[in-house]
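Structures are listed in the sections that come next.
What follows is a pair of complexes built around chain A, which joins chain B in one and chain C in the other.
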Partner chain A sequence: KPHRFTEVFQALQRLHMTIFSQSVSPCGKFLAAGNNYGQIAIFSLSAALSSEAKEESKKPVVTFQAHDGPVYSMVSTDRHLLSAGDGEVKAWLWAEMLKKGCKELWHRQPPYRTSLEVPEINALLLVPKENSLILAGGDCQLHTMDLETGTFTRVLRGHTDYIHCLALRERSPEVLSGGEDGAVRLWDLRTAKEVQTIEVYKHEECSRPHNGRWIGCLATDSDWMVCGGGPALTLWHLRSSTPTTVFPIRAPQKHVTFYQDLILSAGQGRCVNQWQLSGELKAQVPGSSPGLLSLSLNQQPAAPECKVLTAAGNSCRVDVFTNLGYRAFSLSF
Partner chain B sequence: MLSTLSQCEFSMGKTLLVYDMNLREMENYEKIYKEIECSIAGAHEKIAECKKQILQAKRIRKNRQEYDALAKVIQHHPDRHETLKELEALGKELEHLSHIKESVEDKLELRRKQFHVLLSTIHELQQTLENDEKLSEVEDAQEASMETDPKP
Partner chain C sequence: MSSESSKKRKPKVIRSDGAPAEGKRNRSDTEQEGKYYSEEAEVDLRDPGRDYELYKYTCQELQRLMAEIQDLKSRGGKDVAIEIEERRIQSCVHFMTLKKLNRLKGRDQTHEAKQKVDAYHLQLQNLLYEVMHLQKEITNASGVSSKHEEIDLVSLEEFYKEAPPDISKAEVTMGDPHQQTLARLDWELEQRKRLAEKYRECLSNKEKILKEIEVKKEYLSSLQPRLNSIMQASLPVQEYLFMPFDQAHKQYETARHLPPPLYVLFVQATAYGQACDKTLSVAIEGSVDEAKALFKPPEDSQDDESDSDAEEEQTTKRRRPTLGVQLDDKRKEMLKRHPLSVMLDLKCKDDSVLHLTFYYLMNLNIMTVKAKVTTATELITPISAGDLLSPDSVLSCLYPGDHGKKTPNPANQYQFDKVGILTLSDYVLELGHPYLWVQKLGGLHFPKEQPQQTVIADHSLSASHMETTMKLLKTRVQSRLALHKQFASLEHGIVPVTSDCQYLFPAKVVSRLVKWVTVAHEDYMELHFTKDIVDAGLAGDTNLYYMALIERGTAKLQAAVVLNPGYSSIPPVFQLCLNWKGEKTNSNDDNIRAMEGEVNVCYKELCGPWPSHQLLTNQLQRLCVLLDVYLETESHDDSVEGPKEFPQEKMCLRLFRGPSRMKPFKYNHPQGFFSHR
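Moving on to the complex of A and B:
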């Protein structure tokens, strides 16, 4: 009887699961997924993609409870997986995670202004040039943490509401952040100052007041930036702060990324959308979740056979696209 | 007995020939197999080459689209020459108008000064006339008092 009870409980859990974040292992063969229950599951991409894959290959190799709250964001360094959600960032060793009973290497909490409420961390960003991690979320600030010493080196203030997403502009190096206040802010890391502000909702071409002004997703490609959310998904030329292309999709987009000569986006709605920079919709490929929250492209050079796009969102499944044209199969918690 | 011997010779000859044939077939197949392997390797290389070309072409397409996107925005803004011309024309108008303003102001100054001269002259004249009147009054009064006050 207790066995059946746990089965029912697990089935219910899967029904109400939302996967918020994904991260590919440095070797490229594994994919970590973080959900709203605070669990992280590690899937073996190489096993699921191999010709002898069975149904069990699409299940996680290991699942463990990582955080007390949802795992909103994850990134991987060359040896660690960093996960964050409920105000803390934790580090896990990739090599150790596949064994059961894995413990976190360390956990840190940025210096928050009030110790009463611990704000959630919505986004993590690695800055390889200075070996640091940037965290942003509910306290409307960007915190930089040195990965070697674990000390918090800077606080970037300017947003007036919580921050949803971060992007790195490698050349400068600059960080872009977007959030509830509807502004995309560019920060110069050397001077720790805000160098440019784009108030997306103030531009007629892309503002959609009925959706709100929140910026849900952000991506940058040196001189260009694409962002979406409440306002329409728009391509911006950064230096002149002008919106050049508005992508004609009504549904708010929750994740966007540049890939080769395309822009991939996903959000409310089943499909992964592929756009040309000219604004044309090249393809819309449906996934298995009613809405998508994160896309991950496995471009790790060590595993070219695992070069796939994975999409996850409002379900317990992670869709795997081996070719951008169709969904090959889905992994599931 | 001779016929059995010759039959045996015949079948042995046949088997030898078949054996030769099989050997040569094997050689042939080996040759074909190697050729196919070579062409597979060649095809792999071509595929890799084509993949590189695709990436390059995608990069070019992306650059072209970025250019187009910016060009569209730039087109919306008016032509630089026209704007410069308009600016020049406006500048000239501004100069012209300020000249007019200067000349009008000068004229105003001049008129003001002329009026001032006029008014002060009038005032002087008034003063002179008043003085004259006063003098004549005094004279009249003196005359009157001399008449009423005869020889002592």
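Moving on to the complex of A and C:
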């Protein structure tokens, strides 16, 4: 039972912690988690999953203050962890992060229009074909940054309110973005132009006015796109811009992803939802947080023993699902 | 051959019986006549060298002859036999020669030679034996160390430096180690003699000084009664000048009868008061006579006992106390307090006083304290402030976790078991609280790991805790008094924000506090929106619990408050439940969770000037502001007709931000707009 001031304060901090983002290391053995206090914790998945795992294995190997504001988004390249939150993106070397006192390799800030308040970066997307990073968030624009030189090469304008999420269509290459203005926009990277717009809230099948029109999550798989947020979670056929399946769940979804022949989603509420493409709910597995904000599937080929689904959100914990049927255990800040 | 040998043998036989007589007879024989062959005479005449040559030659011949016979025999043939015969005869002659030589090798000569050799051998043996013996003696002698080697002599350089030249005699001793050692021994003896002298001198000095001390002591003891009479005479003068030395003296007299822990407390508190804090006053209360009576043997009671036993045997009608009453008496006995107690009065800046009375439980070897707070002007206690200054809880958890409900002495448990006491907490109202800091101030330390047989009062333990404890006590009283005043205001629906904290809030705050009440601990635990706090172990039974209700229009915000006794170092913790268009708590509304974070985690900004008495009221005011923001920034539902219930009046840069679409809860001063953290 916490008695001393420091114990009480730490308990309060943990109670009010939100984990916004996760990223798996290139070797597949570690998981980075970013929270609302600007901290990043690195967990050892291999240690936590091993048969000799103790309670300490579920604690971070290292925790450090990465940003001044919340860490809303993270992605990993084959050597770096890129994290973003309050307006700037920072790069960390995976190999160095496990040591104490790790410093960022570099940090960059896209050219913002506003100066009163620094806009947040809600989504990061890697485009491997052109070795670039796309950032999007509070200033309603998509910025591309060349990872080699660090220069900002494009600005894609079109959203009328801030951007929540990004998805990549490998073939074209095209980028999809979803935002607070309720629209999903497709951008062609070669021409740097918006090529398609879907205003989800205008479709009766999926609109839910009492929740709002915001698009909180996006995922794409060749010709298909699934998105959710204020409107219902819906599967779209991109070329024809038609909603083909509306998934019957009331709670707004904050993260969605295609996995094998399923769609996984999570949002308000404790559960990770598994959907058939037909719209049928295959399973609903409860996690330990009252609401979830991010899902991460560890599919790194170098660590098949760490192939797990991890879910995090409105708590200091990251739930680990070794198979999609149940929550095996939770890692904790 | 046999006839020849027998002839020769005869003299030999005679000769073998005793040599000397034979020798004489032999000589006489040769002197008389050379009638017959005398071998003995021949022996003397022969030359041993030539005999040896002859012997060698004869052997060689024999060998040659044998070889020739062998040859002939092997060859075979008729004439061989004659040759062999010839050689046989020659061999026989050689054999005879050998026989003669053998006999002639007069035993006497060899015998003599042998005897000589033996004698020499014997001499040699004797000498060798002597040598061995002498060698043994030498090794023994060298093994034995002389006594002089055991003496630790000064080193050579020192010796030559210090010793006077008539002892060191450098010219002689440098070359001769034996002389050197002798000289060194001499010097050693010199030094020892000198030191023995010195020692005798010192002893006699010491005796002298001891005698002097005795004399002086006598003088001083005779001084005491004279001083006493002077003191008596000066009493009227003391009173006239307001210098009550006597009173302090009397108090010290009384203090002598205090039990050790109370004595330690008394001494340390008085010292602290004189040195650091003039507002602290220390006094002793209680009956000194009773204290003295504790050490008198109970003679009377023994007589009573024997009387009652005798009576018991005679009449069974005599009533005996029931078992229950007996146990009760035993309990009372066990929990008995020492008749003396120590009173500490801490006066604070605003003239309020904390009165502490410290008791000592003799059989349990622990101290307890009773507390009372008095103020300069009478306090009207608001309903919700009941527990703030009550004697039972005002000092609870002065140090984190020190709830004062259990005895700190682990040995007491065995004593309790004997008389059926479950826990000391049943008796604290009457006896006072056995806080850990109280034990420390009395110098008592009860280590958990090794329960000690006897715990004795330690001054240094008390001294090391005195200052911190006194300061904490003062802070505690001030903090509680501040809360007391604030609660009075809160119950009237006014959140009292001091002028130096106004900058934390916008000028216009619409939401109002409509209710402020205490909540029982069990009731707090039952609330559906406080589960997180309970699960985190932050809702123990030493905390104070309250419920605030903030309203605006149709929106009602309940705030359940956990007030830790360590306020304001430990911030109050809020859990919210908003009833407006449905029920929203931290489990279904991220913004409600964020509002809780704004007061629970970001509280440091709300502390105000030290000593942070404004924290609770500032948190409440902030909640009102947060509710305003929440209601005014609620996005308009397109499907619903009509205007928003709460038009936006707050200046916000953006309404929503981040993946969780947070409202702008952060107030920026002095610009006056709201933004996101």
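Here, the second predicted complex is superposed on the first by the 329 of 333 C-alpha atoms of A that agree within 3 Å, B and C clash if a C-alpha of one lies under 4 Å from a C-alpha of the other, contacts with A are read in each partner's own complex, and residues count from 1 in each chain.
Following the convention adopted for this analysis, a contact is a pair of C-beta atoms (placed from the backbone, for glycine too) under 8 Å apart; a residue touches a chain by one contact, two chains touch by 3 or more.
Since this is a predicted model, take the numbers as computed values, not measurements.
Following the overlay on chain A, a side-by-side fit with no clash is recorded for the pair chain B and chain C. In the superposition on chain A, A:Gln268 makes contact with chain C only, not with chain B. Legend: residue contacts after superposition of the two complexes on their common chain; A:Tyr162 is shown touching chain C, with no touch to chain B. Using the contact criterion defined above for the overlaid structures, shared-chain residue A:His237 touches chain B, although it does not reach chain C. Looking at the superposition, the partner that touches the larger set of chain A residues, chain B or chain C, turns out to be C. Of the two partner chains placed by superposition, only chain C is touched by A:Gly69; chain B is not.
When both complexes are overlaid on chain A, the residue A:Thr18 reaches chain C alone and has no touch with chain B. With the two structures brought together on chain A, the opening angle seen from the C-alpha centre of chain A toward chain B and chain C is 160°, to the nearest 10. The superposed arrangement places chain B and chain C with a least CA-CA distance of 27 Å.
In the superposition on chain A, no residue of chain A contacts both chain B and chain C.
Remark: chain B residues 55, 58-59, 61-62, 65-66, 68-70, 72-73 touch chain A in the complex.
For chain A in complex with chain B, the touching residues are 223-224, 235, 237, 240, 242, 244-245, 260-261, 276-278. By the touch rule above, chain C contacts chain A in their complex via residues 397, 400-401, 532-533, 536-538, 540, 564, 566, 569-571, 573, 586-588, 590, 593, 596-597, 600-601, 635, 637-640, 653-654, 656-661, 675-677. By the touch criterion given at the top, residues 1-5, 8-9, 11-16, 18, 20, 69-70, 72, 116-117, 120, 122, 138, 162, 164, 180, 209-210, 212-214, 216, 254, 268, 290-291, 293, 314 of chain A touch chain C in their complex.
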